[in-house]
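In order of appearance the chains are A, B, C and D, and numbering begins at 1 in each one.
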Amino acid sequence: MSQDITVTTLFFSFAADRMNCRNKNYVIPQGTTLGEMVHLLQPQLGPDSTHWLYSVNEEWASGERPLEDGDEIAVIPPVSGG
Amino acid sequence: MSQDITVTTLFFSFAADRMNCRNKNYVIPQGTTLGEMVHLLQPQLGPDSTHWLYSVNEEWASGERPLEDGDEIAVIPPVSGG
Amino acid sequence: MDVYRITKEPIDVEEALQAIADPAVGAQAIFLGTVRNEFEGKSSQGLYYDAYVGLAEKELAQIGAELKDEFGARHVVLIHRTGDLPVGAISVLVAVSTGHRPEAFEAARHGIDRVKARVPIWKKEHWSDGGDAWHHDPTAFGLT
Amino acid sequence: MDVYRITKEPIDVEEALQAIADPAVGAQAIFLGTVRNEFEGKSSQGLYYDAYVGLAEKELAQIGAELKDEFGARHVVLIHRTGDLPVGAISVLVAVSTGHRPEAFEAARHGIDRVKARVPIWKKEHWSDGGDAWHHDPTAFGLT
């Protein structure tokens, strides 16, 4: 039987504008992958968000990564530093 | 009838070492060209000096240039700034 | 010495020069990005920079390690400023020191290119006409 | 603002940054040449630089004009120091500002290359073992 976990998600730049917030907690089923989480966010983040980068706990992460309770996910739209 | 003119010649780097001085005045016949002057200096400056650059009155000059009274000639061995 | 930093404070070029100094070094290359008064022909009053600080500093350090491996940089300083920056302010500094000059230019050039391409930092243009626009936002620059 | 100077005084990087500042500029590239503690594997205590000051400053200005024409540099600073310089001292500074970064690197790179190739300045190595040698002197480095 799967338990739920809580993850924190950070939004930056125009992703924060689209979400109307800088960070948000989500309660999701244990075993959820990062890719599934992104799919969950996509309606509000926009269709381009599947091409963006993501990190978990300040490390770049791919869609297959299983999420754990307390993870910090960051949504990284195309960067524009410099 | 040709008169004599006086020119000042400046030496730098190892050219100054070879000449044992930083500058020297020469009395030469009017109408002498820079190339002829370089030929005159060559025994002491060394055989490589014909490949060096020269300036007259702080402007790069070629061998055909006729020298005039009071000219400042600079002997420019290969540069090594930086 | 190496410095990898995201900061709200003004960037201090002198600090970077001290960090990359080394008696074995003959060449130092420094790149500064500064805030322009226009972008693609439209007048701007300045930029706002947002960053994911933790990951950004890790990525700066990763880029610094690459510059040492690939171009023989002896010391690397990568600093990016965040917050509201007026026209003329330094937003980013790349400073490297190397034995000779070709590597210095190579390292600095790849340094700024990689910072711009990979580090999680975002800029918003404060247009002189009052509007704002995040760079790379498809809706902000008529890209959609 | 442009600066073309041969000087016995220490080179002031901050002065150069002020000179190239401009609200229309997004990129600044600075190259510093520093005195190394060795040359081709032989330990050195420092360098002596000689210059033909009048012609050297004219040539620096000529190179600056070329960097503007060829690479769109808006401001150029070219300063070379002369006299006895200890290890670690800055011997030469090239600073340029441009609209964008590729031209900044191109201009700075060609700036230092042309200064080294064309400006009447000469350096003498003060070896740690006590000897001296002018660079490019065919007798000094066993070239003959």
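Simple rule for what comes next: a contact is a pair of C-beta atoms (placed from the backbone, for glycine too) under 8 Å apart; a residue touches a chain by one contact, two chains touch by 3 or more.
Not measured: the values here are computed from a predicted model.
> Touching chain C and chain D alike: which chains?
none
> Hey, if chain D just vanished and nothing shifted, what pieces would we be looking at?
Remove chain D in thought and the touching groups are A, C | B.
> Using only Cα atoms to place each chain's centre, name the chain farthest from chain C.
Measuring from the centre of chain C, the most distant chain centre belongs to B.
> So what's the Cα centroid distance for chain A and chain C, whole Å?
So the centre of chain A lies 26 Å away from the centre of chain C.
> Just give me the whole-number Å value for how far the CA centre of chain A lies from that of chain D.
50
> At which residue positions does chain A touch at least two other chains?
Only 82 qualify.
> Counting only residues that touch at least 2 other chains, which ones in chain D make the list?
Correct list: 33, 101, 112.
> Identify every two-chain combination in which the chains touch.
Between chains, contact exists in these pairs: A-C, B-D, C-D.
> Sort out for me which residues of chain C touch chain A in the complex.
Within the complex, chain C contacts chain A at residues 33, 49-52, 54-56, 58, 80, 91-92, 112, 115-124, 134-140.
> Report the residues of chain D in contact with chain C in the complex, numbered from low to high.
Going by the criterion above, the answer is residues 13-14, 17, 21-38, 87-88, 97, 99, 101, 104-105, 108-109, 112.
> Mind pulling up the chain A residues that touch chain C in the complex?
Interface residues on the chain A side: 10, 12-14, 16-17, 48, 55, 58-60, 74, 76-82.
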